[in-house]
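Presented sequentially are two complexes of chain A, the first with chain B as partner and the second with chain C.
On to the complex of A and B.
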C-alpha cells in the first residue's frame, strides 16, 4: 500500500488565495508601489507626531508653536516653506496638518465602515422588512447632496455635548464625514451579499448548523471584504478633501494647524504676495491624493478578479 | 404607463418623509433650543421667551397636534421655512439666490460635459497609447489638487495679478464679466473626474460584441466610434448628466464665496457662519426634493424610451 503511494508522483498544486494573488500582482506595478511608499510616509509622519506629543518630546519638527523667524519670511534654505504671520515655520505646520488630515480620514473611514458594512450585510442577508428599512434610510441620505449633508451635520454637531461628551474640532469633522459617508459601502455590500448568499459554501455552512450571525461574519464578509478595502482606498481621498473644506469653512480644528486652515489664512495673505503657506498646503494635499488615487486604482485592478477577466 | 408613474410617485413619499425626519432630528433634537443664541448674551428672560414663542420652540416636541414635529412637516410641505436671523423670510432669500447661482453653474455644467465627452472620444481613438496614459495621469493629477487651491491661485493670477477678469462681483457688472473666471475655474476642476468617467464608459462600450462585428465588416475606427459607440454610450452619459441637474440649483459653495456672487452657495456659507439652522434646513429639504424629482424623471424617461424596462 505504502509502495503505491511512494511510486506515484504527487504534484501538489499550491493554490493561492485572493489576497496573495492580488498582492503578487500589485508588486509588479512599480509605480503603485512608489505611491504606497508615499502613503506610508504620510502615515509615519502622523504616527510620529502622535508619539512625540504623547511623550512630550522636544523635537523641532513637531514644535509648530515655536517662533522661528520674522513674520512672513519667504522660503529659503533656512526656512524651507517660509514663515507665517506669527513667524511660525510653515513646514512644521504642514507636518502637523498631516496629523489632522490623516486622523480625520482614518476615523471617518472607520465610522463609515462600522456603520455601512454590518447594515449592508444584514439588509442583503435577511431581506424583507429589515432590508426595506435599511434601503429607505440610505436612499433618504443619498437624496441630499453630499456636501450639504456633511455641512448640516458639522454645523449641528459642533460644540454640542452628546452623552456627556463634548464635540469639538477634529471630532466634529470626522463624525460629520463618517455618519454621512457609509451609504456607498452599505449599498455595495448589500448587493454583493445578495449575490453570495445562495452559493454552495453558504448552504454548506447552514447545513452543519451555523447561526446566521456566524454565516454573515465568518463566511460572507471575509469573501467580500476586499471590496471594502478597494472602496476605502479610493474614498480616503475624498475624506481628506472634505476635511480641508470643513476646516476652511471654520468648522474644523480651531487652534491647531490643519491644511484647510492654512488655505484659509492664505486667502488674505495672497494679496500681499505671501504664497508659500498656500503652496505648502497644496503640495501636501496633492501628493497624498495622487498617491492614494493611483494606488487605489492599482489595488482594484489587482484584487478584483472580475475586472481581470475582461 | 400611468399606473407606473403613479406607483413611482408613491415611492417618493417615504423618501421625502425620511428627509424631513432627518432634518427634524438634526435641527430640532440635536440642534436643540437656539433661542439663547439668537437673543444674545444680555437678553432678558422675556425676550428669550418671545423668541421661543415665535419659533415655536415652546411647543412640545411630539405627541400633540401642534407639536414641533407636526409643524416641521406641515411647514415644509407648504415651503414655509420661517425667518432667517436677519428677519427676512428664508424662502425669499432662496428665491433671490437661484438666478446668480444658475448663471455660473449652468455654463460650467455644459462646458464640462461638452469638453469631457469630446476628449473622451478622442482618447478612445488612441486607447492604449502613451497619449491615453498621459491624459489619464493628468486627470488623476488634476483631481488630486484641492479645489480651494484652484480657486485661490486662479483668482490670484488671472484676476488680481494679470487683471484679465474682475476680482469680485459688483452689482454693475454684466454676466460675461463676473461669471467668466468662476466658470473657467469650475470647468478646469470638473474635467478631471468627468473625463475619466466618460473614458471608462467609452472603453467599456468598445469591448461589446457589436463593436467587434462593426470592425469585422471593415468599418473605419471613426465610423465605429461616432456611429456606434457614441450612441450606445449615451445611456450612462445621460444618466449622469440628468442626475447632476439638481446640483446646479445648489450653486457652487466655494466659487460663490470667493467671487462674492450672491447665490445659494453664498447664502449657505453665510448660514454656516451664523449657525442659521433655518436656512440650512430649507436648503437641505429643497435640494432633496429636487433630487427626488429628477430621479423620478430619469426613471420615467427610461420607461418611455427603453422597452426592456419592466413596468412592475
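On to the complex of A and C.
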C-alpha cells in the first residue's frame, strides 16, 4: 500500500468541482468572454500605469502632465480625444484615470469584503445576541442614504492621520466607499450561512473535533464563497461610479486626473461647447460598466447552483 | 479476543432536556448503560425516543440552546466528559470518540474532495505533514474497502454512491483509530445489500482496532446479528438491557416483547404482523407512572403502573428491566 502511495506524487489542492464546473460553463458564453477580455484590458492599463510610474518610464501614454497642444483642441487624428484647458491630452488623462478608478474600486471591494464576509458569517453562525448586534449595525448603516453616508465618511476621513498614516485623496475615497458598502455582502453571507450551518456536514465536522472558527472558515465559507466572487464583480461597477461621484463632488483625488474629476471639469466646459473631456470619461466608464455587468451576470448564472440550468 | 469485560464508557443518570417554546421536552431521562471495550452495544428504540440525543449527549454536541444536559455522568476511560472544557472535548472528538451519521449523502462537505476531508481530521488530531496525511488518507480509504483509493482520494462526494460515501464517513471516523465509534443509524439510508457490507466493514474494523461500537438503530435484525449488549429505549428512558442473547431469548419488558413480535419472519405467511397499539409518548407530556402503560398489552391491572415509574432493576445476572410485572422484578 505505502509503495503505491510513494509512487504517486502529492497533488496540490485542486479547485473545487463547483468552480471547475462553473468555469467550464462560463467558457461557453462567448459574450461573457469578450467582456472578460475588456475587463482584463482595463486592468492591464492600470497595471501598466503603475509600472510606468514606478520605474519612471518616459512613455507618452502616461505623461498626462505634458502640454501637447493648444487648449481645447477638438478631437482629430493628432489629438484623439482632444485637449483640455491646459493643452493636456484627454486620452492620456483617461488612461491615467483608469488607474484611479480601478484602484479605488478594487481597494473598496477588498475592504467591504474583509468587513462584510466575516461579520456576516459570524452573525449567521452564532445567531443570538451577536447576530442581533451585527444586524442592528448594518440596518442602521443601510437606513442612511448611501451618497450622504459616503460623503460624510469622506469628509470626516479627509486629511486625518490614522495610525500614523495620512489619509490623502484616493485613500479617503476607498476607505469611505469600503466602510459604507459592506452591508450587502454581509447580509448575503449571513443568510447563506444560516442556511448551511444546520446541514449534516457541519455536525459531522463538529463530531470530529473542529472548533467553531474552523467550521466557519474551513467548512462553511468555502461553500458560499462563489457568492462573494459574484457579488464582487457586480459591485465593482457601483464602486467605480461611487468614485466618479465623489471626485465630481470634489472629494476625490485633487491633483491627479480621474474620470470623476474629468466630468467635474466638463461642467464648465460644456457651456463652451467642449464636450470631448466629458465624452472620453463617459465612454471609459460605459465600457467597463457594461463589461462588468454582463460578466458578473454570466458568472452568477454559471456559479450559483440555484440559477444553474442544464 | 477472549472474555474482556473492561468498561470503556459508562453513562450514569444522564438527562438531557430541550427547552422549547411549547415547554420542556425531556428527551433523555436518567439513562444509564456501559459499553465494554471492543464490544458492540446497541441502543434500540422507535423514532423520537431519544436515541440520537443520547449519542449527541455523549459527544457533548447537543445543540445549545435549546438542548442541555441537565444531569448525569459520562465516564470515558475514567474521566467524566461533562467536566471537560470545550477544547479538551474537541481533542477527544474524532480522535478517541468518533461518530458516523445516518445520511451519508449530506454528511460530507460538497466542496472538498474526500481526501481533503480525511486529511482535515488527521491534521486536527495528529501532527503530520501534508504528504504523510495524504498517504494515511489513501491507506484508510483502502481499509474501508474503497477500490482504487489512490484515485478516489481526489474525488468529490457527488461522484460517489451512497454506500461509498458511508464508507468515506467511516474512513474519516476511524482514521485516528478511536476507542469508541458511535454509529447513529448508519445503514438506515442505504439499501439492504449495502447495509450488510457496511456492517461487515464495521465489524472488521472493530476486530482490527479493538474498538467499541455504540450502535443506534431501530432494526432488531441488525441488533440480533451484531450486538453484544442491547438496551431498549422507550420514551426517553431505558426499559430493558441485557446481553443480546438473553434479551432475544427471554424479553421481559412488554415493550421489548412487542418489538420482537412485530418482526416479520419466514413461515409467517398470510398472517398480519403484530403491532404495538397506540403511538409514541410525547416528550413534552409524558403519561404519569410507567410511560408505557397506555400502550401496555398486559393491561393496567396493577395500580402502580399508573402512579409510579418503575426503576431499572436487575432481575437476573446482567439483565435489567423496568416493569412492575416482569418476572423476577421486585421493588
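To be clear about the criterion, the second predicted complex is superposed on the first by the 292 of 310 C-alpha atoms of A that agree within 3 Å, B and C clash if a C-alpha of one lies under 4 Å from a C-alpha of the other, contacts with A are read in each partner's own complex, and residues count from 1 in each chain.
Please note the rule applied: a residue touches a chain if its C-beta (ideal position, glycine included) is under 8 Å from a C-beta of that chain, and two chains touch if they have at least 3 such contacts.
Quick caveat: nothing in here was measured; it's all calculated off a predicted structure.
Residue contacts after overlaying the shared chain place A:237 against chain B, while chain C stays out of touching range.
Which of chain B and chain C touches more residues of chain A: that partner is B.
By the touch criterion stated above, A:34 is placed in contact with neither chain B nor chain C.
In the superposition on chain A, contact of A:133 is made with neither chain B nor chain C. Contacts of A:203 after superposition on the shared chain: chain C is touched, whereas chain B is not.
Once the two complexes are overlaid on the shared chain, A:290 sits against chain B while remaining clear of chain C.
When the shared chain is aligned, chain B comes close enough to touch A:151, but chain C does not. In the superposed model, A:59 makes contact with neither chain B nor chain C. No residue of chain A lies in contact with both chain B in one complex and chain C in the other.
Within the complex formed with chain A, the chain B residues making contact are 14-15, 18-19, 21-23, 26-27, 30-32, 140-141, 143-149, 152-153, 156, 160, 207, 246-247, 250, 253-254, 258, 268-269, 272-273, 275, 277, 280-281, 283-284, 287-288, 291-292, 295.
Across the interface of their complex, chain C is touched by residues 1-2, 4-6, 8, 10-11, 13-14, 16-18, 199-201, 203-211, 214, 218-219, 222-223 of chain A. Looking at the complex, you find that chain A touches chain B at residues 136-137, 139-141, 143-145, 147-149, 151-153, 155-157, 160, 162, 237, 241, 244-245, 248-251, 259-260, 263, 266-267, 270-271, 275, 278, 281-282, 285-287, 289-290, 293-294, 297, 310. On chain C, the positions that touch chain A within their shared complex are 59, 61, 86-87, 90-95, 98-99, 101, 103, 106-113, 116, 120-121, 124-125, 130-131, 134-135, 138-139, 142, 150, 154, 156, 158-159, 169, 172-173.
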